[in-house]
Amino acid sequence: MTAAAPKTDRDDLARTSGPVIEAQGLGLTFQTADGPVHALTGVDLSIGKGDFVSFIGPSGCGKTTFLRVIADLEQPTEGTITVNGVSPREARLARAYGYVFQAAGLYPWRTIGANVRLPLEIMGYSKAEQAERVARVLGLVELAGFEKKFPWQLSGGMQQRASIARALAFDADILLMDEPFGALDEIVRDHLNEEVLRLWAKTRKTICFVTHSIPEAVYLSTKIVVMSPRPGRVTDVIESPLPRERPLEIRETPEFLEIAHRVREGLRAGHSYDV
Amino acid sequence: MTAAAPKTDRDDLARTSGPVIEAQGLGLTFQTADGPVHALTGVDLSIGKGDFVSFIGPSGCGKTTFLRVIADLEQPTEGTITVNGVSPREARLARAYGYVFQAAGLYPWRTIGANVRLPLEIMGYSKAEQAERVARVLGLVELAGFEKKFPWQLSGGMQQRASIARALAFDADILLMDEPFGALDEIVRDHLNEEVLRLWAKTRKTICFVTHSIPEAVYLSTKIVVMSPRPGRVTDVIESPLPRERPLEIRETPEFLEIAHRVREGLRAGHSYDV
Amino acid sequence: MTRILHHIAPVLAVVAAIVVLWYFAAVILNAPWVYDQAARAGETVGLAELIPATMAQERPVLPAPHQVAAELWDTTVEKKITSKRSLIYHGWITLSATLLGFVMGTVLGMLLAIGIVHNRAMDMSVMPWVIASQTIPILAIAPMIIVVLNSVGLSGLIPKATISTYLSFFPVVVGMTKGLRSPDALQLDLMTTYSASRAQIFWKLRFPSAMPYLFTSMKVAVAASLVGAIVGELPTGAVAGLGARLLAGSYYGQTIQIWSALFAAAFLAAGLVALIGLASRMVNARMGARA
Amino acid sequence: ADKVTLQLKWVTQAQFAGYYVAKDKGFYEEEGLDVEIKPGGPDIAPAQVLAGGGADVILDWMPSALATREKGLPLVNIAQPFKSSGMMLTCLKESGVTGPEDFPGRTLGVWFFGNEYPFLSWMSKLGIPTDGSAGGVTVLKQGFNVDPLLQKQADCISTMTYNEYWQVIDAGITPEELVTFKYEDQGVATLEDGIYVLEDALKDEAFKDKMIRFVRASMKGWKWAEENPDDAAEIVLENDATGAQTEKHQKRMMGEVAKLTAGSDGSLDPADYERTVATLLGGGSDPVITKAPEGAWTHEITDAALK
Amino acid sequence: MKARRSSTEVGWLIGVAAAVAAGTTLVRIEPDNPAGATVWVGIVATWAACWALVEWISRLDTSTSPRLRSALGILVPVLFGATVLFLWEGVVRAAKISPVLLPPPSMIWDRLITSTGILWADFVQTYLKGAVVGYVLGCGAAFLTAIAIDRSPFLQRGLLPVGNLVAALPIIGIAPIMVMWFGFDWPSKAAVVVVMCFFPMLVNTVEGLKSADRMQADLMRTWAASYWQTMFKLRLPAAAPFIFNGLKICSTLALIGAIVAEFFGTPIVGMGFRISTEVGRMNIDMVWATITVAALAGSASYGAVVLIERAVTFWHPSVRGSGR
């Protein structure tokens, strides 16, 4: 797995193991008091094992909804979707997901440490393992020393980091992250970007990642899904030609800027007004 | 007010009207179950009328806390602070602030329209004026047509935009914005950046703006405050030499990149680890 | 149609289960008497005679469901509404006191809660005494309340409603206080930045936030109110109302009459609670709750 | 017409037939009175209603009235329509009780609320402790009905000849299966259902005059009721707002009550009074009243009413 | 600082004025002293002064000293209570209200200290046996029922309406039946308390179980947490504020229930027995002494529940204090 032959490496993988997430003609319409809202329509998408997929698109285009459908938190009203070849429900029951929500969603009656420990308790990890993992992931998001604090005693960004730690604490095949780094400054963000990439490289997780930052999307992903709203649909799927090994400096290379440009164009097209 | 003589323009303003916000030796310590947390220490800062001040710094460095102190939501434990020459409390009672919180904080039992209308009701605007303003600001944040929806029917970014609209709906001298654009994509963000700048130019508001985006900070501000954590303090205050009139393209100019670099360095210094 | 069935079927199932249990209990509880009677008469009874005998007693320990149903039918449908033997007549008397007491109790409870939330002196001094007031057994002071109110010329509905009020304001105070304090820091901070007045904070934030608590409390309060009205009917000389029926039934050991009055009271309470539930759902819908 | 409010000691029933008859037959009206009859109940202390101004005149048992008098509320007996006591203790024969000597170790149901004084006096006369100590009886506070006996929670319960006794019979127990101890027979009878007013009120001539007319009309009612028991019972039934009373029971009650009122023209027999006081004072360590009361009764009203 | 000092003095002044007014009024209404208008003025003045004092105390800044805060938390209600008692005494004496109707507090106090033996025995019978057992069983049963209802939507639609029905049965109706079923002693009282506590507890628990946040529940789903895991780790903690509401309401209801149940048949001991018989004997002071014991016991139970609530739901805005 060298930077020299990244393409084959990834292609191989996808080919050997088949798609992890496969959506066909997927649609979801919310019924509201003043008429239906078409959050997703005609989404066809195939995500291979070990892919790092970024979703990017204007606010309200259905990114969160799509992640929720994958995680079996929302039922599609049209089309089909399979995860690991089975329904999202079965995948969920098999504990295939780690989910970082757009808002932190920490439990106010638990300390930060206990919040991160929660999924481990539920999945029956041993006490020692729990303690070890909590310490490790809190270190990862730079919250060591905050175990004993309650959520309301943390800043917004710290809460978000705690919720990231919570999703990373256990071993899920598929990591769904909804704007996890939205409230973080550039430095921490860079740091966590690298950490996520390292984790991904090491564990071969499949990661679905919602972001609003074009550089972030390009830097992290093997596949970038550009969406547009009303009704929410996929307008472009960009397979990244970048090597799997990515130093931060890669962000200055022409290939990188080229992809970023394509994403920006796709994004702009999705906006109703002209800027 | 031409692009040719922006500096004098702004300097004049600051000089003639004296500082709007003046902090001296400001400190705030939270008492928690496991010891005190020094959220702010020794903050000296002077903000002139019509300034656009960005606060940037690692997560947990006290940005939110400082904004809250200005808005009289938190009482400093050391030092003094005046707003418009009076205490924050008096300024608050005079309804000097518009505040966009880090979390949207919409009232779940009110529709989006009613949420935006809330401050107008409280400040006693006429019904007609209320309707007119709600429509205008919702248009500004591109939420026209969503008046009748309830917050949970909106995406994360839409909720945040609603909360921005709510703060813009009434005329406050001082606008405190805590990462207002964190959950928005680049295109909307650019659009709103321009809108905020336009508003600022037109109304001469003083704006305190927390952001994690270095380009955003540099693009918007007349003054950039770089903070560092544990304990939270101001490490650098950068007066921007950029003209008041700022097309988006300014972000490619050397001056711009120069300031951005300085901010990035300051930010990096505040982080405990090396990246 | 299926929707109605969806709601009714479980109720019917539960009711059926209860009726079966009830018949069973009736046989067990009423059997000793049958045996006793037989022993006195020098006879023995087999199961075949026992079961019908336990279902047709005049003063059973536990009347069988059909006995109560027959009595209920007899005293509601068969009697003129104005008759003193009509349960509807007595039910209405109790209901009017209940409603008046409930309205007064809810208003009083809300006012107290508002005071407690807004005034520290009230918070510190009133709440302990509100609590203490609820530890005074109502039956003990009910006669005194009636005597006192009578001596100032109030009689009839008002004294009963007063006792209802006394019982029903407490759940409202407790729930409302909690509810009015339930907005979180962020929601309050927003109001602070608008430098909203206390009245504005109340109407626009605290009151809407307290809604779930208020309705839960009101459900408890309306049931308490009914109990209050019935308690109030005893020392007014047990003249009329479901309380009087209960008492008269007790006094003459007419268990069937007790149970039918009891059921009438329970149906009343359930109806009132259901009404509040309905109101709560309507308000919830207006406040944007998810379906 | 002058208004008079009468507070009964218990719910509307034939025990109070005389007053309902007097009202229904217009005897009160003839005397220029407008009488309101307030039914009682388990928690109504007539003396308290009187003190609170809720009634002008009340019915009470003499032991309780004298005890109340000692407590500082000066009740005065102005008439005594009931000559003899209807109280008794009713036991199941199968429990093995044959006489007072069998009481120790038994469970007895007793009415409280001021109705327990005759029982306590009797027990202290027998020398049987009632406080749960060895060799004594276990006392239960008996509720509204005769269930404790039927369900064998008590060996004996308190009954009135005109009421609870018949409920036991109605429940299917024959008189032969019961053993009864009438207080009259045990020599501990105390006066029941007298008419009482506040001593202070009697200083008012106008009030006194009202009471004279009230007693006269009431006694007329009683005598009518004694002669026409079935009609009297009907009148009571009509006045029962709860609609819970039965004709059979009320007619029988009227018959029994008539036996108790028969011997009285309304005036208190001082001998009966003395016997009652003696019984109450005789109660060993904890007598109901500590000294013989003074001024607890008057013939003023009856003398004027019955001449 | 200066402003603080002067407000302290004002407070003391008010306090002294209150005490003086109280003392003089009481002196003026010695038994044989006819109550004149001055007495009424004195009573009203005392009331006003005490209220002002309480108002002033409760405005003291206690943010720096939690100890002072808790001391004041006790002092203020005590002061308030003292005022009420004083007014009661004053009004009863001044208006010459018959002790058969309402005895003055001093008379009740005499009773309290001379009849401790009886009062204690009653307390054990009614509170420790009837109320506590009934409370535990009733709240426990309601809690379990709420969870059963929650588990099964079928039960929820079937049991809740029927549960409302059963639990709304008035105590006056149930008490005689319970005596019939469970005998004269305390078990029948406990049974009444069970029925009384059931409904408030059930309603609150059911409501509480609905109150978990959507997102927090979604999180549990993504982890495929089992029903019971979600219950214990999310829904019960989130329901705690509601559950404690129920527990609080029941803590006073239980005592009332146990007492009132004794009106319908009891051995000759118990607070309800005492109250119901002593009214008939015109010993109203004994009635109020028992009521005082009931009030103290009830308040103590309520206070205990509040303390537990504070500890368990420390995170709720209403406890954290931001809701003030």
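In order of appearance the chains are A, B, C, D and E, and numbering begins at 1 in each one.
The definition used in the following text is that a residue touches a chain if its C-beta (ideal position, glycine included) is under 8 Å from a C-beta of that chain, and two chains touch if they have at least 3 such contacts.
All of these numbers come straight from a predicted model, not from anything done at the bench.
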item: Touch-network distance, subunit B to subunit E, counted in steps; value: 2
item: Label of the chain whose CA centroid is most distant from the centroid of subunit A; value: D
item: Rounded Å distance between subunit A and subunit E, as computed from the means of their C-alpha atoms; value: 52
item: Centre-of-Cα separation between subunit D and subunit B, whole angstrom; value: 85
item: Intercentroid distance (Cα basis), subunit E paired with subunit C, Å; value: 20
item: Subunit A and subunit B, separation of their C-alpha mean positions in angstrom; value: 29
item: Of all residues in subunit B, the ones touching two or more other chains; value: 103, 152
item: Subunit D residues counted as touching two or more neighbouring chains; value: 42-43, 45, 48, 52, 143-145, 147, 151
item: Junction residues of subunit C - those touching two or more other chains; value: 61, 139, 143-144, 147-148, 185, 234, 247, 250, 290
item: Touch relationships between chains, expressed as pairs; value: A-B, A-E, B-C, C-D, C-E, D-E
item: Parts of subunit C lying in touch with subunit B, wherever the complex brings them together; value: 186-187, 189-196, 200, 204-205, 208-209, 211, 287-288, 290
item: List of subunit A residues in touch with subunit E within their complex; value: 68, 71-73, 92-95, 97-99, 101, 103, 105, 107-109, 118-119, 121-123, 150, 152, 170, 176
item: Subunit B partner contacts - residues on subunit A that touch it in the complex; value: 30, 32-34, 37, 56-60, 63-65, 102-103, 142, 148-149, 153-158, 161, 178-179, 182-191, 212-214, 264, 267-268, 271-273, 275
item: Touching residues on subunit D, where the partner in the complex is subunit C; value: 8, 11, 38-45, 48-49, 52-54, 143-147, 150-151, 167, 170-174, 177, 240-246, 249
item: Subunit D contact footprint on subunit E (complex, rising order); value: 98-101, 176, 179-180, 183-184, 262-268, 273, 276-277, 279-284
